[in-house]
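So that you can tell them apart, the chains are marked A, B, C and D in the order they are listed, and the count of residues begins at 1 in each.
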Amino acid sequence: MTTMLASDQTGPQTGGRAVKRIGIIGTGIMGTDHARLLTEAVSGAVVAGVFDLDTERAAGAAASSGGARVFADPYELISDGGIDAVLIASSDATHEAFVLACIEAGKPVLCEKPLAPTVEGCARILEAETAHGSRLVTVGFMRRYDPGYTDLKTLLKDGAVGAPLMLHNVHRNPAAVPGLPDAAVITNSAVHELDVTRWLFDEEIVEVTVHRPRATAQGGGTQDPQFLILRTASGVLSDVEIFVNARYGYEVRCELVAEAGTVTLDAPPPTSVRRGGLHARELPGDWRPRFAEAYRLELQDWIDGTGGGATAWDGFAATFVAQACVAALESGERHSVDLPPVPALYR
Amino acid sequence: MTTMLASDQTGPQTGGRAVKRIGIIGTGIMGTDHARLLTEAVSGAVVAGVFDLDTERAAGAAASSGGARVFADPYELISDGGIDAVLIASSDATHEAFVLACIEAGKPVLCEKPLAPTVEGCARILEAETAHGSRLVTVGFMRRYDPGYTDLKTLLKDGAVGAPLMLHNVHRNPAAVPGLPDAAVITNSAVHELDVTRWLFDEEIVEVTVHRPRATAQGGGTQDPQFLILRTASGVLSDVEIFVNARYGYEVRCELVAEAGTVTLDAPPPTSVRRGGLHARELPGDWRPRFAEAYRLELQDWIDGTGGGATAWDGFAATFVAQACVAALESGERHSVDLPPVPALYR
Amino acid sequence: MTTMLASDQTGPQTGGRAVKRIGIIGTGIMGTDHARLLTEAVSGAVVAGVFDLDTERAAGAAASSGGARVFADPYELISDGGIDAVLIASSDATHEAFVLACIEAGKPVLCEKPLAPTVEGCARILEAETAHGSRLVTVGFMRRYDPGYTDLKTLLKDGAVGAPLMLHNVHRNPAAVPGLPDAAVITNSAVHELDVTRWLFDEEIVEVTVHRPRATAQGGGTQDPQFLILRTASGVLSDVEIFVNARYGYEVRCELVAEAGTVTLDAPPPTSVRRGGLHARELPGDWRPRFAEAYRLELQDWIDGTGGGATAWDGFAATFVAQACVAALESGERHSVDLPPVPALYR
Amino acid sequence: MTTMLASDQTGPQTGGRAVKRIGIIGTGIMGTDHARLLTEAVSGAVVAGVFDLDTERAAGAAASSGGARVFADPYELISDGGIDAVLIASSDATHEAFVLACIEAGKPVLCEKPLAPTVEGCARILEAETAHGSRLVTVGFMRRYDPGYTDLKTLLKDGAVGAPLMLHNVHRNPAAVPGLPDAAVITNSAVHELDVTRWLFDEEIVEVTVHRPRATAQGGGTQDPQFLILRTASGVLSDVEIFVNARYGYEVRCELVAEAGTVTLDAPPPTSVRRGGLHARELPGDWRPRFAEAYRLELQDWIDGTGGGATAWDGFAATFVAQACVAALESGERHSVDLPPVPALYR
């Protein structure tokens, strides 16, 4: 039955499929959630190892994953022969080093966004993966798996509404850390729309402007909301209202405006309630219920190895454009985004 | 690693969980779909064996399930030591015999609805399972796992809208076999609402009336639509519009009317399109996209062995009430539904 | 400019139209609202006289209508030469006598529903109007002027969804008088759906059944909600949930089910609010905001004399069917509705 | 009964109200529509005179208005003793001269937008009205009367969602004249959102930017859509997608984003249709059905003389901001909007 645990795709005689042994680095909210999904809702995977600076937290995740091994050293986990692939959900600053180690070990790695906080860090990963010669890195931009977003992209690709002209995005969180740095609103939150815009239109963002609406008194001094205007290579304008202290709930919506019509993504819940003078649908309190299905599908796709996720180049580009937006926020001017040519490995 | 395939629930040292080896009897549309989900989207299961009268069809399902064994005899599949649990998706008439064989083999079985076409057949299954002494049978009323229906039930149980008074149900299919027998509209289709009503209110249906609206010319002579009025033990009235030639699409909706408000389940898709003078949401063409998530969750729950699904008693009651509805359709009168007492095993 | 106040339809040389001098009998909530609309929002009408048992209330309505004359006797108002047409909004029991007096005076009369509380009273009005030889009576079934209902009827007549098969109606009020008689739920409230069903399908109701759902504890003993099943001459089934203690708000909705599709009337308000975890649209507290536009259009049409409103025959039929529903509620059986032939004046 | 036609507000002894004798200049689509509403749906008004360069068209409007007098000279109409107030619906270039003549004649005037095409023209009107010493001019920004917009403003003023931060506007027409000048997209269409923004927030627009999305191929060379960013004195950001060749239908929507929630205005029609795989609501083909009620209420309010409409200052400011937007469109830069101080008459 060793084939059951081998990472190659040949299935056992008695049916079923190869099972990938996953190591998870970082068992905070996201890491624990991924461990649960891999154990309870994904086919062909087992959580075989976990690491966290907080060893108790690691032990808890290991136990609820059916007895995964707890590693004392993340690099040991990465290099261990009993680990077929690695999921990184540790703090942003640690992503680069762990991803590089995975590449060196020649193991597939799913890294939560951002790939790295700096353009330089992302560039080093591109170099390492290019040197390795094949793609091992997937970046956790889970919206690419959300049924609403995939539906939207299918309609666009099928020409249901003609050529795209604009995309209006709304991204709201109920509350953020008081006094969150203005730049973090872009790099932590709006970065999802930066990736969505690149992914939906299959082209790069070439120019950005950031407008400063009147700021909410709820943000403790943060410039919140912010209004980003992104221009793609073909001239499509993608505007983003990012509002991290919207109070009323968590919500992600967009409307694609095209030559023959528009497509709206709002993902209403399946039920509505009439009560107390209102006919209402509930809004989620945070992003997890909204994107629970996207996370499951992202993990299943990663385990299936079909390579549908965001690449290291996508991770690099998202960070690169985010930096341009931060500069545009500070200057108040339009900034052009001059991405380097796409390395051969990602064409 | 043989424990990876053992049916006991102890996980292997390297993490993960026990894997259940499933045998599937009947690889038509439903059986093939279940095989695909068990292989690609459910954790802890492998399709280890398949049987179908059409051996080519069986071979195809086996191949796409990672090399499951093709059995020449369904009873051999049921009794085989390499099969931990059985999924029955064969023709209705064969359900009883296969379920009885699974009980005799002491193996968990998930049987597509109906448990059996006749009340007598269902009763024999209740007797056999009672004789066995523990529950092995689950009936495939997948709506109990639909996120919309579970959301509705949670709101009801939490008292969000107070005590229930009525339930309005709409169940529409685009087209049925021309000249489908009037009774089949109830036993094949409305039976889902019979189970939903019992499940949602946790009580039995005690009286039924069936009204005959003007019939569509699209039905080839079938009395379609039909309008069922179901009364539960506590007096809740559940009305069901069942319309199997509705043409425009597949749709299942309901509204729960309670003392302080109502809850509507309509499950809109995540996107809407503005085009050609209309702002529209797409309706599915059949039940599979509408209940795809319900099927996945039903199978995962069955594999997890948490016993959340419909029991043999639920299957018996659904068939019993369906028979009463058929009689009420023919007589035009109200019929009381006199279910026998619930056997101890199901209390 | 006396022609400005003449009841004939020839306009003055300086443009404009003849102005009808209206007398209003009964200045309670409805009568006062009608007086306001006639004075402030309807073209070609002035409120020239009012009567109410409460003379202070009458004086108030007269003052806010620009100085209308207050009559001490309703019959004097009806016969006065300065009154061109009469609007009756007094208590139900008084309708018959006032309508008969208007017919005798040969003056157009708009009578709030019911035309008369009893079938016999309605019959006497039919006889009097037939003897008069032309139609003078309009019954205030204002839903016939609601933009949503007229839109629904237009779609039906245009064949947008094919031949009609069913109509599902929901009619909810937040609260009624505790212990309201069961029959009043039908004669006061459901009577609107009786008229809507006749009007929408242009045919009579021939059979009725009334089901008794579990009653709300909020009704003080009233059988509330009630569920009416109405069958039209062509076999269309129109079901009505009438719920006068629904608590959450006032709501009137329906769905027309036809051979090629359905039409839903729900009349959402123009705005929705996202707040406190909900995305909600407000529901009105009573029927007036919901049907404000219908009342205005009803009055304008009546002043224009285009005769689009409900006739005395419609008023008779509504009361006749309501009586059959009350009998069906009491017996629990189906009742056939044997209307007399339509008098020539109403064909 | 001459008081019936006097412009003072004292009503006649027999009830009713003073009737205003209206003169209409320009009987094209808008003028004819206004004449119809004044004659058939507004209380207290008669169309007493009409003028149009096309005398046949004028005669037609006069006839359908109950025999209004057809004037050969618009200035004669304005000064005629039988005309109490004037409605101007002639070509934009003629507005200034007619409005000035009305002021000189001391008669109330309702002028379709724009008050005048140039800032200078609007300024001359401000001077003339100020010299006159009281307000006579109303500008036809009818959205201020749309039930959706008034509902939105009421919610904002009541603090339902807290302090305003942003307003997202969408304004789409199905088609425009091919090759329409880029500036006309702003001055003809977006000008409505300029007024809405000023009216909703009760403050001036102080800065504007105009972005150029990829242009539709349907516009014959016009920069369409355009994306305006308006900043108000308090910092609220109001963005406007103006798209005059949107093809799919006419639509005006907006979402107010505030500190505690948002309000969306989308004004859905009362019915929806399920047919052909879609659940859809119809969109109007042009602005008239969408704003029919707004026009009626605007005219009734003007006849009532309550002065709730847009003033000459509002008309001046709208043209002033529109000019700034045109400049911003051409330069691609942010432009500050330096309005002169508000004359005393309009404070």
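Note that in this section a contact is a pair of C-beta atoms (placed from the backbone, for glycine too) under 8 Å apart; a residue touches a chain by one contact, two chains touch by 3 or more.
As the structure is a prediction and not an experimental result, all values here were calculated from the model.
Traced through touching neighbours, the fewest hops from chain C to chain D number 1. Computed from the mean C-alpha positions, the centre of chain A lies at a distance of 58 Å from the centre of chain C. Between chain B and chain C the centroid-to-centroid distance comes to 46 Å (mean Cα coordinates, whole Å).
Annotation for chain A: residues 248, 260-262, 268, 274-276 touch two or more other chains. Viewed as a network of touching protein chains, the structure reduces to a complete graph with every chain in contact with every other. By the touch criterion given at the top, residues 1-2, 4-5, 11-17, 19, 21, 38-43, 45-49, 62, 65-69, 82, 146-148, 151-152, 155, 160-161, 260-276, 293, 300, 304 of chain A touch chain B in their complex. Listing the residues of chain C that touch chain B in their complex gives 163-166, 168, 170, 209, 211-218, 225, 227, 229, 234-237, 239, 241, 243, 246-248, 255, 257, 259-262.
By the touch criterion stated above, chain C contacts chain A in their complex at residues 248-249, 251, 268, 274-283, 285.
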